[in-house]
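After the structure tokens below, expect a handful of questions from me.
We just call them A, B, C and D in the order they show up, numbering each chain from 1.
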Amino acid sequence: MSKTVELPRWIDVGALPLLNLLLALVVSGLVVLAIGENPVQVVEILLYGAFGYEEAWGYTLYYTTNFIFTGLAFAVAFHCGLFNIGAEGQAYIGGLGVTLAALYLDFLPFPIMLVVAMLAAMIFGAAWAYIPAYLQARRGSHVVITTIMFNFIASSLMVYLLVNVLRPEGSMTPESEQIAEHLRLPFIHDIAAALGIDMASSPLNLSFVYAIVISVMVWLFIWHTRWGYAIRTVGANAVAATYAGLEPGRFIIIAMMISGALSSFVALNEVMGVQHRLLIDFTAGYGFVGIAVALMGRNHPFGIFLAALLFGMLYQGGAELSFEIPTISNDMVVVIQGLVILFTGAMEHMFRPRVTKIYTAWRLRQDAGEAA
Amino acid sequence: MHQMHGAGETGAVQPAIELRGIDKRFGAVHANKEIDLKVDKGTIHGIVGENGAGKSTLMSILYGFYQADAGTIHVDGKLCEINGSEDAIAVGIGMVHQHFMLVETFSVLENVILGVEGGAVLRDGVEKAREELKRLEREYSLNIDPDAIVGDLSVGLQQRVEILKALYRGAEILILDEPTGVLTPQEADHLFRILDTLKEQGKTVVLITHKLREIMAATDNVSVMRQGAMVAHRKTAETSPEELSELMVGRKVLLRLEKGESNPAATVLKVDNLCVDNAQGVRKVKNATFTVRAGEIVGIAGVSGNGQSELLEALGGIRSASEGTVELNRQDVTAGKGVDAAELRRRGVAHVPEDRHRMAMVTAFSAKEAAILGYEDDPAYQKGGLLDWDAISAATANMMSEFDVRPDNPDLKAANFSGGNQQKLVLAREIMRDPELLLVGQPTRGVDIGAIEFIHKRIVAMRDAGKAVLLVSVELDEIMSLADRILVMCDGAIIGEVAASEANERVLGLMMAGVDPNEAKAAEGQA
Amino acid sequence: MDTFQLIILLLDATLRTSTPLILAALAGMFSERSGTINLALEGMMLGGAFSAAAVAFYVGSPWVGLLAAIATTIALSLLHGFACITHKGNQVVSGMAINILMSGLTALVGIALFAQGGKTPALDKGSRFQPITFPGADAVQDVPVLGLIYSELLSGHNILVYVAFLAVPAAWWVMYRTRFGLRLRAVGENPGAVDTAGIGVVAMRYRAVICSGVLVGMSGAYLSTAQGASFLQDMTAGKGYIALAAMVFGKWRPFPALAACLLFGFLDAAATRLQGVVLPGIGEVPVQLVQALPYILTVILLAGFIGRAIPPKALGRAYVKER
Amino acid sequence: AEINPAVVYDLGGRFDRSFNQAAYTGAEKYKEDTGTEYRDFEIQNDSQREQAMRNFARRGMNPIVAIGFSQASALEKVAKEFPETKFTIVDMVVDLPNVQSVVFKEHEGSFLVGVLAAMASETGKVGFVGGMDIPLIRKFACGYAQGVKYSNGDAEVFQNMTGTTGAAWNDPVKGGELAKSQFDRGADVVYHAAGGTGVGVLQAAADAGKLGIGVDSNQNGLHPGSVLTSMLKRVDVAVYEAFEAAANDTWEPGLTILGLAEGGVDWALDENNESLITDEMKAAVAEAKEAIISGNLEVHDYMSDSACPM
């Protein structure tokens, strides 16, 4: 009977997820083959579309921005042992906050407005997360089901508001008025131009920088603050948290509200940065992808950044793909997304026993070699 | 060491069960080490051993719940391949698990027929089962309403359902894993009468228990396990509790700790009429009234499950009090009235809970993270609004060297420390705060002998430093050697107090069983 | 047009709209009662709808389409089982993954096969489930009250509608009156009890998710080959989640779940008809509110304000014996 | 000149058998006639519009035709970014120097099919199923109702809308539901202006043995004998002409309005519905058409005052 050895970190958080990711990509390749296209060509187009030219980078990072926000949102809740499936709805409602602020407080100068809009997004997103959080914390209603329900409720609410309230007189499209020019987040290419650097135009805007800053803040928060510590304690062992005087319900609510606020930053990127108005379904599934991003990134901001970049690449490359190969639509990206979540999330333990065994055998041989 | 009995005395009769070379590991834990065991037909066979000795694991292997890594199982002399519980049931083995295996939302009848429904459609089997159940109930006086929902039944009745389940499946060999740990004395007596009936009918019983008194009273033979190994087999009639406990622990049991007289000073903790309910609303602590003074150790003895846990949790601020008051240095600190565990800590109450894994440790954390649990807001651990991990690391290293935690690596995951070392880390965290009042439950559960002595010394040192200590333990030895005064809890009430100098195992035992203290002392006097 | 007739017609539509919900809610119930969360209903329904429409188009028979749908959903159930039962993966994540996967895969394969933007070609009469008219339905049409109930409400639905409504008592019977049901419920409450009773926990849970697959397959086939006449991208439009909500609302029990499905189906039918309608005195009805009601009601139920929904105890937890 | 044309469809996609498909037909026809390749894109959600247009513009596609009113705001942005590129938008007016807007007098075409519906109806009750509840679709409904009343003053018109978002263009199941509910209330002819949703409406009509009326494309062939006629909205012509004009350098920005007189809207008669249209009906509809073109009969445009006299 061999003694098992604990896996080193680089295998645990590096090699294993990569192995799972690889499997997801291999299966995706098989799907491409099955529909009669050439996977190698698909990968080429994907990569070219994502990184092949200057503008592509901009698009890739623009998508990455959204995924960073939703990935961080999922991760913070997850550290508290909560499965927040509601990022989609929280981001959507966050968009309402941003839009209302931008439309009704448009007399404010930009820097102040930026802070106000950010706060509005956070408050709206956090408020939307608060109800499921409260119900979980105080009445034990499972947050998975309630956040799913809240996504639908948010969607209905927003349709109602966009159609009946926010739609400008005479417009047929259910979308809000454009926000004032001076309240828009500057595009990176504009900033670059101001600095005398020539850059291809893309939707990449200041919120990407903001996403990086927020990532660092989340990292500090989770691992270097008392609240972060408390949230992780509640997530890992709620009884121990109670014993320590960290009332779990309180931190469940805090974690969910932070999660909702983080989700809502998607609206900053989309509404203030790119679309400049509130569109129906502007969240476009970013909230759900955030789950995959966080799981792949092992709920660590750095991992989340890498995973977000991967998904940003898939999104942008995938858009290119659907332009280049008519038989492959954007749906290919959705398939890859699904497979990545399946293999890196649901089946994350699939290879673990085998890898552990192989690694143990190798280590034992190594040890024996050293002893000899 | 292995002093086997059996073949010679029982003659040609095959043992009902024979285990040979059973070996089992759970990851890093070696739960069973090449175990041999023979159980004679028609006897009651006891198995004793400390927590974590591997008793449950061994029996679960016999019942097919776990699969052994090595070894063979023989039933009635025949080699049996037991790959699952269905195989064990087929050869006539039944088991009452330590943690009941019942479907709480089902009726008694449904629980009993689960797996032996007697046909694809329930109706066919159910009526037959109802009849058969009636017969079994009569035969063993196991009265129970077959249509009652199991979740509504008391623990004692639930245990009857477990026994009925086994008997309904035609068990010839019945394994009971710590059946009395959760029973009232009356229920326990009833259980032993049932076991006798079973034995009379020629059935074989394996009984796991911590209580040597039960072993002496009820069994024919007894086997002792220690740290995963089978260390001895005895005829009950030829052994004594002293010998068994020595075998269990591996050396002569330390009955008295060297310690000086206590110098109790001002009252630190004053508990008045405290009542505590559990999550289901059942009153677990009934009108407890007592005090703990500075410079003394007050012990609370009792059979586990008699409200000590709830009492300790209420005093620690984890569970709300339903009635009564708790005062700390004359200030009201009754749990639930705006006072929680954090507030109590601020006021100088340290708490080592009974259940280390469930409560005192976050095993997913590194040692240094675990070492600040409950004290994360200590200013010494902060720098510039963030946690100061360097300071925390240093403090953890200090705890580790003071309490001899091994390995002394603050960055190692808590789960990777052995149980005893985890316990030492928890004790270090709480004791080194130098609290006014130390609440401590089962301080030496799962801890090796060397560490026990060390921990006991530290607790006495706290007392000698003028601190108040409230100690809850189910180990009478521990209570008697540490405490200056002993309170006995039974069925949620504190039924009496005994000075340590007057205490002995008999008196305490009687009181723990609910006998009035005066009667208990009188009975002791007569004995 | 009298009010009574309006009500009958609304109820008639309710039966049609609640049918896929009923089948899917029962599917969810089988899975969840055995301890496996099934968020994948939505994706499985899509997969079933696609297979049914595609195969019915090629073969020209709705029955073959139905079989294909069931085969697809069973395969997806096995995938879900493989992830969460065999590999003890997170059931919520697995469900989400299957939903996303199927949303993409059905469209992708649809485009590859039919090049119609993810749709399947329209099915002709013979490739769809047709309404069944009860004997004498036309004759009694004008009999007051009962005639209308018989001819409009009861008669004239396709076979899957009747199957769905019969599936409810059938599911109840299986769940509460058979050995299989007893074991299934037990394994969702306390798998340890099932294991020690000598029954394989893993096999039991697989059987349950397969049952789930069969039912949700029918639900998908209903959408594309009975109610509709082709598959469209994302045609389930959240019905899987509504079914899940109905199952929770029905407290994981067949008849209450049926009631919830009828309620949600009714709301849907009503909302559809209220779109753009200006009621005197009230003004335009906010259809979005009516549409969101199932979700709102479910949240309120979960919050314990209208009776408590207690899920199976072992729901969501893989059975781990040895740590 | 060489052109590199592109089309961006609205939700519902190229094969909705209706509105977008009409655009597709026009583009295909141009390709057939001239051998000019074109690119097209089906958006899956609203946020893709901008990206699709920008993508085409960046690749030098010119002209770019955007189908559907929902494209307006996206087009407005992208057109500003690419002032050299010619954009044509169908169903909406965007006022920019490089944008051509094509809108139709749908109320006129709808009036004609309303006339036919009223005449074909035996119960005197007819239905209308709209897609997204917006003024444009109410314009269809209003023209239709006027046509119905014109030919039969006692006729009753049931109206339902499918939804309030883009999803309403692509929900045939709900469309079928609505049609069924109208049949149950006694209607025997139903006209849809619902894009992909209409497929379900026509299906329901065919299933129930009633008559449907198609829209945008000629949908008579979907269920021969069950589709009374189709209100043709010549999006195909609009697309074709945009391509052609760009190729001939005659492309002009500004507003183009296509009504009955311009042949932009019409009703469809072919071998699939010959048997359904009596001579009497032919005569009546021809008369109405004549009157409208000549200006003797004015069909009220809902969008002019957000109200319908019916």
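The definition used in the following text is that contacts are C-beta pairs under 8 Å (C-beta built on N, C-alpha and C of every residue); 3 or more make two chains touch, one makes a residue touch a chain.
A quick map from chain label to UniProt name: C = Sugar ABC transporter permease.
All figures in this text were calculated on a predicted structure; none of them were measured in a lab.
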{"item": "Any chain in contact with chain C as well as chain D", "value": "A"}
{"item": "A-B or A-C - the one linked by more C-beta pairs in contact", "value": "A-C"}
{"item": "Whole-Å gap between the CA centroids of chain A and chain C", "value": "30"}
{"item": "Distance between the centres, which are taken as Cα means, of chain B and chain A, whole angstrom", "value": "46"}
{"item": "Rounded Å distance, chain B centre to chain C centre (Cα mean)", "value": "48"}
{"item": "Mean-CA-position distance for chain D and chain B (Å)", "value": "78"}
{"item": "Touching two or more other chains - residues of chain C", "value": "117-118, 233, 288"}
{"item": "Chain D: positions in contact with at least two other chains", "value": "42, 44, 133, 164"}
{"item": "Residues within chain A bordering two or more other chains", "value": "159, 163, 329, 331"}
{"item": "Interchain contacts, given as pairs of chains that touch", "value": "A-B, A-C, A-D, B-C, C-D"}
{"item": "Contact set on chain D toward chain C in their complex", "value": "13-15, 42, 44, 130, 133, 159-164, 167, 170-174, 176-178, 180-181, 184-186, 196, 199-200, 203, 207, 222"}
{"item": "Touching residues (chain side chain B, partner chain C) in the complex", "value": "26-27, 63-66, 84-90, 95, 97, 99, 101-106, 110-111, 113-117, 119-123, 125, 165"}
{"item": "List of chain A residues in touch with chain C within their complex", "value": "31, 35-36, 83, 85, 131-132, 135, 139-142, 144-146, 148-150, 152-153, 156-157, 159-160, 163-164, 288, 291, 295, 327-329, 331-339, 341-342, 345-350"}
{"item": "In the complex with chain A, residue positions of chain C that touch it", "value": "37, 39, 79, 82-84, 87-94, 96-105, 107-109, 111-112, 115, 117-118, 233, 238, 241, 244-245, 248, 286, 288-289, 291-292, 295-296, 298-299, 302-304, 311"}
{"item": "Sites on chain A touched by chain D in the complex", "value": "55, 59, 159, 163, 170, 172-175, 178, 201, 270, 275-277, 279-282, 284, 319, 322-323, 329-331"}
